[in-house]
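Both of the next two complexes hold subunit A, though its partner changes from subunit B to subunit C.
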Partner chain A sequence: MTEINITVEDIPATTQNQAVKLAKFQGQLDESNVDEKSKIIYGLIEQNPKNLYLLFDFEELEYMNSKAVGYLTDWYGKIAEAQGKIVIAKAKSNILDILQVVGLTQLINTYPTLDEAKFALLHDVAAH
Partner chain B sequence: MDSTFTLYLVSGLLALAPAAIWLTVIFKKTKRHGLQVLLFLAGTLSVIPIFAMQYFLNFFPQFSIVNFLQENINDQNFNFIVLFICVGITEEIVKQALIRFIDKRYLLIETINESIQFSLVAALGFSFIENIFYIYHIWTNLGIQQLFIAYLFRSIFTTCAHLMFSGIFGYYYGIAKFSLNIREQSEMAGKKHHFQRFLARVFNYSKSQAFKETTILKGLFIAIGLHAIFDFLLQLNQIIPVVIFVVIGYGILRLLLKQKTGRLVLINDIDNVRESSMAKTDEEVVVELLGMWFKEKKYVDVIHICERLLERDPDNKVVQLFKSKAIDNMSNNSIYAKILGTMFPAKSISISKLIKVKEKDTKEEKL
Partner chain C sequence: METPTPENKPVKITITLPTNAYFMSGIRDFTLSLIRNMTEFSEQWAFRFQSVVDELCNNAIEHGTAPGDDIKITFISNPHESIEILVEDKNNGTNKTTAEQLKQLIDERRKPNYIHKGIRGRGLSKIVAEWTDELEFKDIENNGILVRVKKNLNDPKLKEMAQSSADPSHLVLN
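Up next is the complex of A and B:
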């Protein structure tokens, strides 16, 4: 089984009814672990049915398989429907390339730094 | 002038009329007409093995399956079925061998539709010669009064039936010819091909070779089966079922020819293939996703992703196949999809719908 760690931490929110989280991905999301690890994000969505603001830190995410891209689409759909938001920070060029061809970069804004992504998440700022 | 020769000449002219009409229709939609004329002529020669076989059986009746059946089995219907299967097998094998030979020699076929159309041309050649003999036979045995109806029937329905058998074989031959890409695409979309895998293991074939051979055999069996049914119904004078049978077959052939996938050029000019600007492993992830979403019938998403991926890798035939098959499936299922969509709303998330919603929200925010 390939290693993947997803750690979640809180980010201070700007308004009361927001739940703002930083999810840090380390390793490779592949067939051996993607179903199991995706439950962490689904758990967050379940715990915060409205106004969930998620920042995915992909700096140490080496690889994501097709299923992982499918899950990312599903997370976006669920969160956006519940007035939440997802942004991605520091994704490697191979990951960005995949997301761009799939069309996910039209939905999820991506940022080169964590600070920019945090700022965009909490204030509606246009993507880079 | 010898009267037999005159009768054959007139029969030839009569038989030429339906062949010429069909050839004109096919020529309008295809290229490389010179090779097709060659194919038509070769089609006319394909009656030779069948006549040779009949000639042989006249001299050696002990090898005749007809004699064997008549002597050993009393059930006449069964005898007819076996006889017509034998006739169908012989005619269809000869026609398909011709297509395979000419395609291998001249690399004639570049699309599935071309495979269908060129098979039709070969079938027309065969049907032309067969019609000459039938017209001559009916004229000399039943007289000119009987000829008119028989001529009309053979020109329209029998010729059409030959086109149907060969066209359906041509479709499968086209799939077999491009089996490398078509098998890859269908496996990506979730098809398992257990039988082909089993054959590959037993005969030590590559998976692609097993897929190719079984697809050709499948096409041949279908063509033979249809031929046998047609001959059997005709023998029983079941004219209305024959007409319905031919009309349905013609409709199926037209549907096959309308498919977007059939028009896709699946031959790559190796010298002019453009390299992909995407890393191989990344592209594999996207192609896997295409397969996943194709299986889930998210055809709009598949088409959009294919379009973006083809900007990066324009000569990828598997991606081209995904795109055209998604378009075909969308147009084939549009009415059913609407009905099913109303009854069972889709639970899975579609990127294209999400993009539309986002664009709408952004516009509203701007206003």
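Up next is the complex of A and C:
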């Protein structure tokens, strides 16, 4: 199985009743591992059925296949429907290229730095 | 016609692969290395072909081949001109299909108003079709399927195709 690690930590938020999380991806998401590893994010969604705000740190994500894109789209749909949000930070150029060609950058904002992504996410949290 | 010299002779590399996603990481690395070192395509395109090859092979493994069988990947580098990638499966997997059916499926998914709903289904229509100039599906001997893609180095607008514009399985993307 190709190596991929997904670690999740809390981001302190100023508003109650909202879960703000940082999910860091390290490695490659491909056919050998994406089905299994996607359960980590689905678990977060299940544990936080409303107002889940997710920051995906893609700095060390080296590859994602079209099924990973499918999962990302599904997560976006579920989270957005439940008044939450996903943002992506520090994606490598090849990852951004993939996200752009499939049209996901029209749905999910991407930011070059973690700080910008956090600001955008927390600004959105505060607005709600 | 230019006489082939060692410098402009096409380079062809064929790899036979068992139907196991475990091996795809190595194939992706090989594709990156091949495009970087043996062609004049940019770094961006090296990564794009990495995705193209991965998607073609995943499709062949998942849909086109029975467990324990092989798929075949062929890279043809035409120096200063283009790269072609061919993926061949035996079409004996869970979803037997024909070249024409595959082409129609991709055509459908490429329509502007088509909405992708599931987890799957974006690989050929969104990634492979967008990042290649030609995408061809062919029925081959023993009911197998061959998928051929080509990307021109200078990405010229394709002139009228001399070959088989009437071929229903040959989709030309401008």
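Methods note: the second predicted complex is superposed on the first by the 123 of 128 C-alpha atoms of A that agree within 3 Å, B and C clash if a C-alpha of one lies under 4 Å from a C-alpha of the other, contacts with A are read in each partner's own complex, and residues count from 1 in each chain.
Simple rule for what comes next: a contact is a pair of C-beta atoms (placed from the backbone, for glycine too) under 8 Å apart; a residue touches a chain by one contact, two chains touch by 3 or more.
Just so it is clear, the model here is predicted, and its values are computed rather than measured.
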Q.
Under the stated touch criterion, which partner chain does A:32 make contact with: subunit B (first), subunit C (second), both, or neither?
A. second
Q.
Under the stated touch criterion, which partner chain does A:2 make contact with: subunit B (first), subunit C (second), both, or neither?
A. second
Q. Given the touch rule stated above, what does A:15 touch, subunit B (first), subunit C (second), both, or neither?
A. neither
Q: Answer with first, second, both or neither: which of subunit B and subunit C does A:67 touch in the superposed model?
A: both
(Q) Once chain A of both complexes is superposed, is A:94 in touch with subunit B (first), subunit C (second), both, or neither? (A) both
Q) Once the shared chain is lined up, is A:107 touching subunit B (first), subunit C (second), both, or neither of them? A) first
Q. Of the residues on subunit A, which ones does subunit B touch that subunit C also touches?
A. 63, 65-67, 69-70, 73-74, 94, 97-98, 101-103
Q: Under the touch definition given earlier, write down the residues of subunit C that touch subunit A in their complex.
A: 21-22, 24-25, 28, 44, 47-48, 50-51, 54-55, 58, 61-62, 116, 118-123, 126-127, 130-131
Q: Please name which positions on subunit A make contact with subunit C in the complex.
A: 1-2, 28, 30-32, 63, 65-67, 69-71, 73-74, 93-94, 97-98, 101-103
Q) Where on subunit A is subunit B touching in the complex? A) 63-67, 69-70, 73-74, 76-78, 80, 94, 97-98, 100-104, 106-107
Q: Enumerate the contact residues on subunit B facing subunit A in the complex.
A: 278-279, 281-282, 285-286, 288-289, 291-293, 301, 304-305, 308-309, 312, 348-349, 351-352, 354-355, 357-358
